[in-house]
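The data blocks that follow each hold one structure.
First chain A sits with chain B, and in the next complex the same chain sits with chain C.
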Partner chain A sequence: MPEAPLPIVDFSNVAKSFGAVRALAGVDLTVRPGECLGLVGHNGAGKSTLMNVLAGTLSPDSGEMRILGEDIRQRYSVALAHQMGIRCVFQELSLCPNLSVAENTRVVHPTIKGPGWRGRAGALILGKLDEIFPGHGIQPGDHVGDLSIGKRQMVEIARAFTVTAAPLHLVILDEPTSSLDAVTAGQLLQYMRKAIGQGASCILISHVLGEILDYSDRIVVMKDGGVVAERPATGFSRDTLVAAMGTVARAPAAGQAAQAADRREERPLSVRVRPKGRPGGAALEARRGEVIGLAGLAGHGQTATLLQVFRAARGRDPDTEVTGAVALVAGDRQTDGIFPLWSISRNIGVRSLRRMLRGGLIDPAAEAEMAEDWKRKIGIKTPDMNDNILSLSGGNQQKALFARALGSDADIVLMDDPMRGVDVGTKLEVYDLVRAEAARGRTFLWYTTEMDELKNCDHVFVFRNGRIVADLARAELTEEKVLHSSFTEDA
Partner chain B sequence: MGAISKLAARPWIWSYLGLLVVWLATVTFTGGKGGAEILSAALSFGTFTVIVGLGQMFVITTGPGNVDLSIPATIALSGSLAMKVMGGADAMLLVGLVVSLLCGVAVGGFNYALIRLLRIPPIIATLSSSFLVLSTAIAYGRGLKIKPPPMLADFTTARVFDIPVLALVVAGLAVAMSVLLNRTIYGRSVLAIGQNMRAAWLAGIPVERIRFLTYLLSAVLASLCGFVLAGFSGGASLNMGEEYLLASIAVVVIGGTSVAGGRANVPGIWGAALFMFLLVTMLNTFGASAGVRLIMTGLIIVAVITIAGGDKPQR
Partner chain C sequence: MLAQVLSPRALRAALPAASLVVLLAAIFYIQPRAMSYFGLNLMLQYAVPIALATIAQMFVIAINDLDLSIGPFVGLTASIGATLLASSPVLGVLALIGCVAAYAALGALIHWRNLPSIVVTLGMSFVWLGVAVIILPTPGGTAPGWIKAVMGVKLPYVPFPIVAAAIIALVVHVVLMRSAYGAVLRGAGGNARAIGRAGWSLLKIRMVMYAAAGTFGVLSGLSLIGLTSAADAHIADRYTLYSIAGVILGGGEFVGGRVSPIGAVLGALTLTLTGSFLIFLKISPDWQIGAQGAILIIVLALRALIKRREG
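What follows is the complex of A and B.
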């Protein structure tokens, strides 16, 4: 074998179990300097666990771990990982919401100290933000809690690339683009390639297969806690990649939606909403049994509009008409969705308690039955629905939130970009479920930043600066039109 | 897993272990005399702490920052109001009870109005309302020392087989509260709000209505405590609620309820209330001075909370 430079990461046979769940079943992983390693697999395939081991937040049950040639298995920790130049951008954001952007930067750079540290930390992060995301609109003094999830993600990413005392060898990007819109995601991936050109390495985890195929040098596919395929990126196509993950590729169901559009006006109205605060935009109308897409760049009023509908369903609002019970599927799981002390089953049942009453009391049998029912329907990967919700991987937690809404009595389901961090197989299953539920008369309002998902909608409304600027029926929907309306000032 | 590790996973087990240890220490010291009497007295006095502790538990469970500091004032107002209305007559017993409970409804509603309408943090709102409530009690009950109706006095001090009847009734109340917490929509909503208020709202829970009911419940239970306590101790006094401010919070925490909200524990309230009474009895038996007694009480409470471990990460 020719002499190769020392690999940054060299894991062999790393295993980790959580109780009965075998998250990693002996994984080998190598990352060489100056390469981007794409890592793909279903929810619960073990990607996040492997990255947590690499970041030092989890210690494996067995296996060999070498970083830069050093055997660090026994004394590995988060601090050591940082010292050795390994940085992570995790799916669940790790910024402190009560601190400013500059203060959050200081947290990972202990060498910034003495008078004026805030200013220096601010300059450091601002410089990096400008470099990666030109035109980001974030100030170092902004409190992280006040930023949208997309901007928080941008800060988190920029922070991982800042350098002071410790070197930078490897950045782990776990679903970095899931909260970003198309433009900022592109900026990030461009920057990542530039950093790699300068000698850094990256591990890129994404469910958007196009990103993985276009931007990584080598791709590792994981399934059920093990590596099932590893090849240069050029050796994969979209179809072979999907096949390697164990999902059968298929064409999107394009024909289904079209028929609904024809008789639109005859159907009873479910929701009519005009976004508040920004006069002059169009109104969004959803009719019974329709799947309505809310498109546009991230943070342009889509979530606010969904919440406006959610509020109006309970109270009165002259701008908003809602004719039925409403349920919401949160995209920001930790803030808006999960009850962390509860089991999976309780998390699913909380929206449907009224239906479980027997003689005024909640019937545990009815609750368990609903949980098992949805475990089957939506394929939640767990040995026991009575386990804590946090024992699930991120994508499976999201499935539980879908089950909560779809299992409820709601006539109208609001979805707030709910597919963040969800794998391709699950997405396809959920698309089917949404279509089937729509056919049964449920109405869906679906905010998404992904073009593929808009193709599942009967009708798409494009948002810009809090207004609805375009109204596209299924037949006239193209990516160009959506992008065009998202950007031009006068539609 | 075995029965022992299953038990150890229950947060209330520690308060019962604590009370067993303290009781054994006391009985060993006295050479086996008075063990039953001590337990019986603990049941008598612990009962009142349990009543207010149950209400405080619901409030604390609705999440960080939620606490009801108006409990002592409510006890005093409800006790003196009820005594005055009844004027020592058995015939007025029911009227007195209704007045007492209405007084709780009024205080709870007022507390919530301060919190919601004026957006005052609960700790400040209930503390300031307690000044108003106590002033009302002073203005209304100045210099009054009215005996409770004989029926009430008899009921609150009655015993069967040396067990206070009131303790049995309150044990029933605790069971009812446990069902309320674990098996009703209201209880589930309280637990959900305590974990994540925004997620609870988005899951369709009427957050503000639940918080209102919770402050109402706490104040009504405090009134009930004032009513029976006045009967038990032969009349109302303005400082009769004083010791229940910290006691109500301590029994909730020692009993295994999470101060961060979202996790509550009813059996622990009983264990903790008895434990606290027995602890003071033990230190008295040992002949500790008042200063030592307070220091020891503080240290032991801290120790129990530490051992009980608070919030372990769950899987």
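What follows is the complex of A and C.
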């Protein structure tokens, strides 16, 4: 029998601490050639830290690291990782917005230089984009800053798969589908399988458990900085996977959302909006205490509509009726959500400053009280709410943004796909919170690309090309109907 | 095609050139005699040193820093040029190389200790000025003959400052905007973490950018004494603000690595010409700085309008 090929990655007992926080408590990890390793776990379970160690951006405190059989622990770096064929698509995008697509490609390929480099870099990335995402509509000369977040993610992913001098052994995909719509996400996952068929390996990190179960060969579950389960993907089901992560599996709260629907007409109106710019299409109506879903493929006018409502609440807009104060939970939390230099409590309190005034100044006691209150209610994992917001993991940052909106005086809460890259446990908690707040009379407008989340809505409006093309009550909502409305034109 | 020409990006790129054309047209309307080889030469005389200082500032702004010491630094290099370089060329050249190295070291210090560039360069501006005063306590000295010869070149048809400005803009454009390493340098202003993760040394990038700024600062000082034939430690104090204004007028942004060498040179030319324009309008020199500020505000307001359309 021939000897088994060397594993690409062979980590044993890798540990890393940040001050008192133990991010990795002795992790073993192996990736073999030609396999897709699914990596799941809560936010803060240590996945991102482990991937940063693997990509060379963090060096571990102790442990053994072998890449392709070579012991590289002492001299590992980003450059060496790249040379050894390890690429990473990080959760926060790592493209330069001021450079073109071709220039961003060149940045990761030091060998593309000399006359004509721009053309070669452009051809390289365009070829890969065509291969992974046919019909992507991206030009190599486009400035990344002008592209939508979904297209940026497509560029980032395609860039990770491009090959020049260094070989390609392993691509780490950290939440790769979080900003992609269903079609492009499918294209990516299929391409990933094809690349694996050609001998490459992938580590797939995703909170969409279906992707993990369907597309990986082996699944590793992490919890509290360690690996708690590792089995072939066929050995897991959705429920056992969730159980392994430590959350109790639970059927979606079907039915309970529907009860309000019949008495709809009696409730006072809180929002009526007709998307601007595109004539035709229906208007969106939300009544008090309703959770309204904005569905459809990513980037078809849902965010624009939310912003239209947001603006109409402060100014006058003949097309938009808004009764009451609004708060927005941003989806792109790095750019639109958090104040990166502020503490967690300030980030939560900023929408409610007027309430916390005493003699024209902010009352620190009131601010601290609000922060502690929401730390409890929404379960933000931190030793101290006065720590910087960036000390939180991604999911906990998002919780803080929810706390900001829910803790404010807003009657209407706009949510711009806020669950991107948030773990299942947090999601379930937030769903409950949304239902509870809706029952107390708040109205939610919720843009989401995930079917599971739409099931929490009383009413769903499907967007296509900036227009509302379908209006589904809770009772008639099915995935087929949403998909059908999203695609009618193309089908 | 038309949509492409009228796109906000294209409009923004055209704004520096458009401001310059409008200003030139206004000058020619008020004073038709300025529309001549001699007139342009006279009005744009100081465009070369200002353009070089603006380019120096642009290198620093491209990586989200700000250089508040470029004016006194130009004054220092001018003082060295008018004394050491003229009396003992070897020593003078070494001193100027030392200046560039000092700039690179500043970049390294700012990166290494993660200091705010504004504070460091503000402090350094007094150091440069102090050294310049030590070298040249009273205005004077003499510029080396070859510098005066270069700056005094008379070209057929097109005045020298215009040709020189075009060459500066093109050379820097090729190096920073078209070269492969230039993309990495600008990328460090757009998303430094991404550049670091791609395996590039951010320390080296910052040192390269500061060394480039120092080099252009030296060139600015030398070209300046080529025009004035003598130096003064305070000769270029205003250049700090001129250079920042020039970069911004030329379409650059304070953060995000969005800069344009061609725009920066056009911005420097515009700033140079506002001086002449205001003289032709018979506005007293007391008001000139204020009037220049007003022009800057108008152009920036136009840009904000375009940006609003973009968003």
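Everything below uses one rule, namely that the second predicted complex is superposed on the first by the 486 of 491 C-alpha atoms of A that agree within 3 Å, B and C clash if a C-alpha of one lies under 4 Å from a C-alpha of the other, contacts with A are read in each partner's own complex, and residues count from 1 in each chain.
Basically, a residue touches a chain if its C-beta (ideal position, glycine included) is under 8 Å from a C-beta of that chain, and two chains touch if they have at least 3 such contacts.
Note that the structure is a prediction, hence the values are computed from the model and not measured.
S.K.: Determine, for the superposed arrangement built on chain A, whether chain B and chain C clash or fit.
M.R.: The answer is clash.
S.K.: Using the touch definition from the top, say if A:N104 reaches chain B (first), chain C (second), both or neither.
M.R.: So A:N104 only meets chain C here.
S.K.: Name the contact category of A:R351: first (chain B only), second (chain C only), both, or neither.
M.R.: A:R351 sits against chain B, while chain C stays out of touch.
S.K.: If we overlay the two complexes on their shared chain A, which of chain B and chain C does A:I362 touch? Say first, second, both or neither.
M.R.: After superposition on chain A, A:I362 lies in contact with chain B alone.
S.K.: Counting only touches as set out at the top, which of chain B and chain C does A:D174 meet: first, second, both, neither?
M.R.: After superposition on chain A, A:D174 lies in contact with neither partner.
S.K.: Between chain B (first) and chain C (second), which does A:P340 come into contact with in this model arrangement: first, second, both, or neither?
M.R.: first
S.K.: Going by the clash criterion at the top, which of the stretches 128-136, 164-172 or 236-244 from chain C hits chain B after superposition?
M.R.: With the two structures superposed, the offending stretch of chain C is 128-136.
S.K.: Where on chain A is chain B touching in the complex?
M.R.: Chain A residues touching chain B: 18-19, 310, 314, 326-328, 330, 335-342, 346, 350-351, 353-354, 357, 360-362, 387-388, 390-391, 404, 408.
S.K.: Which residues of chain C touch chain A once you look at their complex with the stated criterion?
M.R.: It is residues 9, 178, 180-181, 183-184, 186-187, 189-191, 193-200, 256-258 of chain C that touch chain A.
S.K.: How about chain A: which of its residues touch chain C in the complex?
M.R.: It comes out as residues 55, 57, 77-79, 82, 88, 90, 93-99, 103-104, 106-108, 110, 112-114, 117-118, 143, 145-146.
S.K.: Going by the contact rule at the top, pick out the chain B residues touching chain A in the complex.
M.R.: Residues 179, 183-185, 188, 191-192, 195-196, 198-200, 202-206, 258, 262-263, 314-315.
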